Amino acid sequence: MEPGRCKGISLIFLLTALQVFSSAARTLDAGPGTQLLRISYALSAAVHGDTIRIHGGEYHEGNIIIDKQVVLLGLGRPVVDGDHLGEIFSIKADGVTLDGFRIRNTGVSGLNDYAGIKIYNRKNVIIKNNILENCFFGIYTQYGLNCVVSNNVLRASQGREQLSGNGIHCWKSDSLIISGNSITGHRDGLYFEFVSHSLIWRNISEKNNRYGLHFMFSNDDTYASNVLEGNGAGVAVMYSKNVRMFHNTFRDNWGDASYGMLLKDITDSYIQGNYFESNTVGIFVDGGTRIQMYRNSLRNNGWGIKITSSSMDVKLNYNDFIGNTFDVGTTGNLVLNDFDHNYWDKYEGYDLDRNRTGDIPYRPVSLYSMIIENNPPALILFRSLISTLMDRSEKILPSITPESLKDNYPLMSPLKLW
Amino acid sequence: MVEVSGIYKRFGRLQVLSDVSYRSTKGDCTALIGPNGCGKTTLIKTLLGMVIPDAGTVKIMGEEVNRKWRYRTHIGYMPQIGKYPENMRIGQVIEMLIDLRKDCASPDEELLDDLALKKIYSKRMGTLSGGTMQKVSAAIAFLFRPDILILDEPTAGLDPVSSEILKDKIRKEIGKGRLFLITSHILSELDGLVSHVVFMQEGKIMFHKEVKQLQTETGEARLSRVVAQIMLAGK
Amino acid sequence: MKKLIKYNLLDIVRNRIVLAYTLLLALITLSVFSLEDNAAKGQLTILNLILYIVPLVCIVFSTIYAYNSVEFIEMLLSQPVRRKTIWLSLFCGLSGALSLAFLAGLGVPLIFLDQSRTGILISLAGVFLTVIFVAIALLAAVKTRDKAKGIGVSVLLWMYFALLFDGIVLFVLFQFPDYPLEKTMVGITMLNPVDLARIMILLKMDISALMGYTGAVFREYFGTNAGISVSFLALTLWALLPFYFSLRNFNRKDL
């Protein structure tokens, strides 16, 4: 067969197939002024592949189960109110799309994780452009595969931590795309447990009670361009491998045990181009192995980085350390870590050979910061004459601060990241 | 007018005054003399309330002065070394004192004129010589027409002219019935002024006599010789 | 009384050292704000100035001034003036003049340049420290007869408040590393006006390092209105008590 003819036949075949398919898939209208007054009526009336257009209005229908592959499209942002009873949308079919709703008032329970939208063991679900208000859990994915959660706004004002739920909660899922969502007032803004091969991109998670972003046992994920701001305890990243974090902003995470980012037992990960500003601790590395941190900017944090002695092979290069009270804090001696080629605003060395690299090494751990690490009440002597004098003398004659923790090639001028 | 009885005072291990009793009345001009460190200045300071005695009483104008302050309206004091705030001008010091002493309607500015202090009113105290400072102290002592005048080494740093002016003033005020208590090393300076002599040694008053009586006892007319005689006799 | 305070005040304000002190403060304040691009960093330089330089200047100057006023005091004592009045006016004169110098050199420029509430708090703390160290200086001067010795005692006292006290605190902390001494530390801070002022200012400056657990404990005490009231009460006591003891001593002192 000659190639041109083959192309023609296949095009005709495709068009015919589409025609058949579209004639099978209908578009239903539901809501005030239509025959289908309730969403559940429309769902009963619909068949596999239908599109249901829900018109503006208020719907009080308790739990709505979507068990057919349909597109549920909200026109004029219909309100779906759960009346504090239980779960609202339960998605129990593959390929469902839920678009354009205002979903509010789920039940609150200590036993059940009631959610505004919950995906049960399904794939190819798309949840987009919804507003979720006052939901216990916002969007909940359980055994989800290939799902997309994008451009949703989640707002809650939850008080006590025991009875509060997460904004976007994903459990045992794979290949998700979570993007463009904005979450505030939940327990954890974004929560992932056993989630792999997923992309978390351009979300804003702020003023949540606990963590802005919290993930555990979630390997091979990428977090990019998210903003995590003013959360109770910052961001916690735990027990995961192959995590890639690019261009995220961690800001204003102040509190008792608050971290810009807590890395607990993380291996083989990349942290690049992130911005850590005004956190109690910018990055806390508690047992990290083979982590590469490049071109991050750490500004005005209490501690730029805290790193435990169990961490190995952490590479920290080409980062800006500006205006931090303490650049690096550590509990003991560190080995096999690399702190070279960073810019430290506290560096007081010189550059005689004009290669833009300081000629003497910089020791980012101050004696006083080590004292505080071992004896927290000594913080009362912060900025006192005695702490200043101790740091000065330690700089001249290092004896207690870890010998290996130093930047052998400190940069003379900031990299001006961001 | 001034009555001291049974005063004891010790500074550390040093007994500066022991059982000092002394009284003096209107019109008396008493010379308080004795070797260095005999307790003269301490006695004067006790009268002024600057030194608080360990025991004994001080009465001024018939009133016990223990820790009181108002009685000092009756006393004019000229210290041995007067020092004043360095940045203040002479005029300011005088004005300040006049300002403080509202009780005295018409201050006696005679010495201010006679010692030519008014011409140098704008001079700062810090720039003054010892002598000029003494002049200021003298003028201040007489300023509020006190009934009792206590002068500690009044003529020590003064030039002869000023010294004479001061002595004339003392003489004039004695005439008005004021009580004077003067300490001096230069006994000749006191000739003709003094009516009584108090001689102190090692914190005790050895004697308190009228000058006339002493003159007859020793047969010497000049005060310095009188005292020299007594001291020799004492040894 | 008012007149005496006025005379003391005028005399001290015109003192060359006080003028130099004012200029020095102004110079440092202005240069800090024109050189530092980071306002927080500038505030820290100012903080050191207030916590260490201001007390040092105040205590040494006041001690010397008190010794130099002995003759003036003697002159006043020969006048019908209460001892209490004399001593009180000396205290008011010194603290008033030095506070004025401080405000003119540092407080006002700071409030203008910084325009935050921290600036006001810093100025207030500076005035308190000025008054406190004048009071301590008067106590040192009245207790020690010899001028050179008195100045030595003053410098030692400054060393104690600026450095030795904290050294002792650190030593104690090292002896009890396993005890939660945060709350004890709050109490101990009250024993040193310099530490008290430092903690109060630092907590207002929102320094990230103080946001941790220990910082939170301190914040709980010093951050509340009650805590601030107690702190200022403690500072007031630090000014009044040394002065009261110096006055009692002066009333009994032989001059």
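The chains carry the letters A, B and C, assigned in the order they are written, with residues numbered from 1 in each.
Convention: contacts are C-beta pairs under 8 Å (C-beta built on N, C-alpha and C of every residue); 3 or more make two chains touch, one makes a residue touch a chain.
On a predicted model such as this, the values are computed, not experimentally measured, just so you know.
Centrality by C-alpha centroid: the chain sitting nearest the overall protein C-alpha mean is C.
The greatest number of inter-chain C-beta pairs in contact is found between A-C. Ranked by distance of CA centroids from subunit C, the top chain is A. With centres set at the average Cα position, the gap from subunit A to subunit C is 49 Å.
Mean C-alpha position of subunit B lies 42 Å from that of subunit C.
Computed from the mean C-alpha positions, the centre of subunit A lies at a distance of 91 Å from the centre of subunit B. For subunit A, no residue reaches two or more other chains under the stated contact definition. Listed in rising order, the residues of subunit C touching subunit B in the complex are 3-4, 7, 11, 14-15, 68-72, 74-75, 77-83, 251-252, 254-255.
By the touch criterion stated above, subunit C contacts subunit A in their complex at residues 38, 40-41, 44, 47-48, 51-52, 162-163, 166-167, 169-170, 173-174, 177, 180-182, 184-185, 188-189, 195, 198-199, 202, 207-216, 218.
Against subunit C, in their complex, subunit A makes its touches with residues 254-258, 278-281, 300-303, 323-326, 371-372, 374-387, 389.
If you check the complex, the residues on subunit B that touch subunit C are 9, 11, 45, 48-52, 67, 69-73, 75-77, 79, 81-88, 92, 96-97, 99-101, 103, 137, 140.
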